[in-house]
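Got some structures for you, see below.
Shared chain: subunit A. Partners: subunit B in the first complex, subunit C in the second.
Let's turn to the complex of A and B:
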């Protein structure tokens, strides 16, 4: 039972106009009324604050100094300052590296691999591994950060294992902080992709894969030509969600490295937090928030385009 | 051994290897919590003790923050689910010009880093006299999880064929009747995923309650664990591990209850049909 194989694609009914099998007729307004509670909440508590951000980003608003006494409109100065700052450019790069390694490659591929392997494994192994992966996911962010800090510490478990197999360990959070926080994010986030893909895979009728196998499509070929196309909607949705989520990861990195050492793991959210709250530059901080918003918007549009062409 | 056996064995071995990597940090917290001299590496304690738990199990450190968290996150998760289901139905079933811009907006909101809006939100709460109120915090937490919940609920709802409702419509059922009698019972796994994900996301949320709640007696566990960190100059790893376990317990219990109820319907932790 999935939209990819269901004969009636949701929404297609209305294209035929209201007929005897169409949804109950009524004023458009009434049909859309169930949206009202969600819209009310989002207008008051999200749209309002965002509009305020749009205003604050173009001012010199600050908690201390002249920007605190008299808020002035300063045009694009905050953005000019940002793109001329090496710390800002550094944080953009780190954010992209973090998102690529931990979400798009790590969580997505590992989650899909786990879901695929679980279809072929025995029930006991499936439950054991599933429980471990989901266990990492249900941990609150700050606890996960704490566990991974211990795991990646120079005296931690990872180095004990590496030494056993004859490799040199290091203090991951000092030597390779962006890798360390990426590992932490993969550890913590893979379960979500695994659940999404398991759900998508369980909706593929057995007969389709069996007939593909009878036609001689084995292993990788069947995966590429039969299985993956059938879950392409799930892949795009999952990629979009985990990308957006990873772009705004704050607590995990903050608790593990505070963006350091130096600025070696200072992604955009941490840079913004530092500017807005530690340095009290509210206007500059909200300008960076707008940049983050724009990056999220670009990713959303890319995936949305993919989803649309897929649905067509 | 046939080819199917070999592939099953390979799959099992690879899965166990990946699972082992995932389980190591979890093992650490389990062992450290019963070790009065816990360090940073996984080690089985020589003489297991419950002293770490005894030290943190009191009203101020554990009971009240946990109860606060349950009220905050439970209330927000249920409110989120209700709003999301209501919103997803017209988006999934009725095609209007309004749908696409709305879903686009929801997508943008999903990508929005909440850290970015916390300053204006705090200002708004001061204006509305909502600072340090549980109700106000629940409403904001609901709003932060709504975009994602709507998006996810709609995706799951799209998977329920509309043909099943057509019979009900012919019989004169309204759209809300069709939603609650026909569509929702068919998408319980999806509903459970939305609820679990929302609750878990909120339970771990530190920044929102930290900004919007002030009174120590109203703070949830996600905030008090931070004060717990800073209270001790020398980190007591054992007590921190014990407290981490207690703090994690509600989401674990919720997950286990739901995954049991779901049975073979959904792939939560080994419930996939073979």
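Let's turn to the complex of A and C:
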């Protein structure tokens, strides 16, 4: 059908028949030429560092001492050292807790909740809430960290409020540091999920929801059986993005607790920074970075599999 | 099909570009080599000098600025660029190490802590100074121990020390009087130190009884003023020089961590979160002690430079209010008291572009007059005989004689390339104990394992000498 129309398209000479007729090879080459600089840049500045990181992870590279004078290939020693170290296992565990609490539970459900509520609210409320939530997202990480530090520290706003209502406050950043940084990350990152879900919800045709209501599915039941399945792809995409973002959160935690006290909020990025830059072990630090990459990849695969089964 | 071929070609092109770029880099560095390390005429030169700007004090800055003026006046056309690196202890080392890695960023002179110098020598960052020293008369003025402070394992000298330090207990006599403790305090054991702290906690509330640096944010200060001042008062040490092995599994290490646990658990020390503030060292010097909020501080001989006219918090009465007493050993045995010494040196990075001019500037810094000036204003323990004999130095501060006398019992850290890594493990163990994450036994066990993995199991021993 289309082939009868094709010759009418001006300039398309390719469809004449089988065989490698087309334009001469030189012309194709020339077509690609403008892309070359950008690809070269990508290779040098993107693939280059990644390959270098891969190489460094298998060496004893360091900022000082023997590892700085002569870099030696040491096979899997860095990884063996990592998995044998309780500090590393602790930081993997904390990274998972942080990701679960702050991204998968916190940002995700809060973002969805806000998006759902804002659909039904007035325009004024919507723009007020939207501005506030997105404001937190737009703030630089360090500023957000200082704001939250002021909110959560022992004489901070949260404790003042708690005391007013007769509850005992506690020093959140010292007593429950991983919870404190999770709260900070939820506060800062919810806007992203909210925007994703707002967009997804606006795609749902009104008629479907109305007919669901006619059939007697109201409130929670309609949400569970109609709305959520209709935005399930958005949920998976959102989960994937916020998980990857959260896995690599560094500035927020560093500014709030520096991974401490002790190692109670030392997630993988902080552990990596400490080993590579405070303790000068570049090789070991990059090995940890690779482990982080692997964890991110595992999460992505899980979500992608979910997305694919959705599509099928 | 079209696309795939296109990508292939683009790939080939890109690879070519990378190879080109790489070969260009390679050439760049080989052509640069000669003028980086090689012969340099005695003409005017620009030199960059990097040092740590730590806290609000400006003693070093003023000292260097004056030396710069002196040098530039004597060497027409030459310039000296002073590069203060504003950073906490560990960050400073990281920053200068990163600078020294490349000829493009390497300063011509760096201020190196003796604790790191062997590690940086092993890394190949520093230039041996023996050829320069040969023709330098002033070198004879340096004490033998000080000459060894910056000696590499190859026997060459890599830095010129500008002073040393000792450590002891500083205590506030006014608070002691309120607590009914003697003005002339001389504790003989750890228990007597703890007893005094307990009395203060009871009788003078709202005052921190005892500060011992602990945990990662304070870096080497925790390892040296904190843990090692305790450990070297036990029967154990960090390193066994006879066997050339690192000591693991020692009771002294556990006891020292036990001391840390005691003071933090029973509220004799600051709250852990205060101690874990990276600026804690500044607060002790410029706020807590001068404002009478801290009774006893285990700290260094230089502490009073905070309170001099040029310091961060001028406090002329300090010499009346504060007393100094030696840190006792665990049970009063041995020499009865303990002190550790470190100090800093001026070194020339291997990748300096103007090492000759840099050496000339170091000589300017180390004229007898300037060395005396720095020892006096920088609150240093002199490492030169002519400075130590100088009446101006001797009377420079009330505590000078006390801290100089401690040199007779002082201990130097095992200045080996592995030391900085071991030091990191020490402060990690301290932090685990002070925050209640680990018991002293568990933290000591983790330390032992870490040391074994750093130096190799065959380089460890369970016997201190």
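Criterion: the second predicted complex is superposed on the first by the 270 of 312 C-alpha atoms of A that agree within 3 Å, B and C clash if a C-alpha of one lies under 4 Å from a C-alpha of the other, contacts with A are read in each partner's own complex, and residues count from 1 in each chain.
Here is the rule we go by: a contact is a pair of C-beta atoms (placed from the backbone, for glycine too) under 8 Å apart; a residue touches a chain by one contact, two chains touch by 3 or more.
The shown structure was predicted, so the numbers you read here are calculated from the model rather than taken from an experiment.
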Inset, instruction - Answer with first, second, both or neither: which of subunit B and subunit C does A:81 touch in the superposed model? - result: second
Inset, instruction - Considering only touches as defined above, state whether A:156 meets subunit B (first), subunit C (second), both or neither. - result: first
Inset, instruction - Using the superposition on chain A described above, determine whether A:177 touches subunit B (first), subunit C (second), both, or neither. - result: neither
Inset, instruction - Would you check which partner chain A:299 touches, where first means subunit B only, second means subunit C only, and both and neither mean what they say? - result: first
Inset, instruction - Answer with first, second, both or neither: which of subunit B and subunit C does A:31 touch in the superposed model? - result: both
Inset, instruction - Answer with first, second, both or neither: which of subunit B and subunit C does A:69 touch in the superposed model? - result: second
Inset, instruction - Quick one: classify A:106 as touching subunit B (first), subunit C (second), both or neither. - result: neither
Inset, instruction - Give the label of whichever partner, subunit B or subunit C, reaches more residues of subunit A. - result: B
Legend entry - Contacts of A:114 with subunit B and subunit C, given as first, second, both or neither: first
Inset, instruction - Could you tell me if A:203 is touching subunit B, subunit C, both of them or neither one (first, second, both, neither)? - result: first
Inset, instruction - List the residues of subunit A that touch subunit B in one complex and subunit C in the other. - result: 22, 28, 31-32, 35, 39, 42, 44, 48
Inset, instruction - Report the residues of subunit A in contact with subunit C in the complex, numbered from low to high. - result: 22, 28-29, 31-32, 35-36, 39-40, 42-44, 48, 62-69, 81, 86-87, 171, 173-174, 258, 260-264, 274, 277-280
Inset, instruction - Flag every residue of subunit A that touches subunit B in the complex, lowest number first. - result: 1-3, 6-8, 10-15, 20-24, 26, 28, 31-32, 34-35, 37-39, 41-42, 44-46, 48-50, 52-53, 56, 110, 113-115, 117-143, 146-148, 150-151, 153, 155-157, 160, 187, 190, 192, 195, 198-199, 201-203, 233, 237, 240-241, 244, 247-248, 250-251, 269, 272-273, 276, 282, 285-286, 289, 292-293, 296-297, 299-300, 304
Inset, instruction - Show which residues of subunit B lie in contact with subunit A when the two form their complex. - result: 7-8, 11-12, 14-16, 18-19, 22-26, 28-29, 39-42, 82-84, 86-87, 89-96, 98, 102, 104, 107-117, 119-121, 123-124, 139-140, 142-144, 146-148, 150-152, 155, 157-163, 165-166, 169-170, 172-176, 178, 186, 189-190, 193, 197, 200, 203-207, 222, 225-226, 237, 240, 244, 247-248, 251-252, 255, 266-270, 272-274
Legend entry - For the subunit C and subunit A complex, residues of the former touching the latter: 2, 5-6, 9-11, 13-15, 17-18, 21, 90-91, 93-94, 97-98, 101, 116, 119-120, 122-125, 215-217, 272-273, 276, 278, 417-418, 420-421, 424, 428, 431-432, 435-437, 446, 453
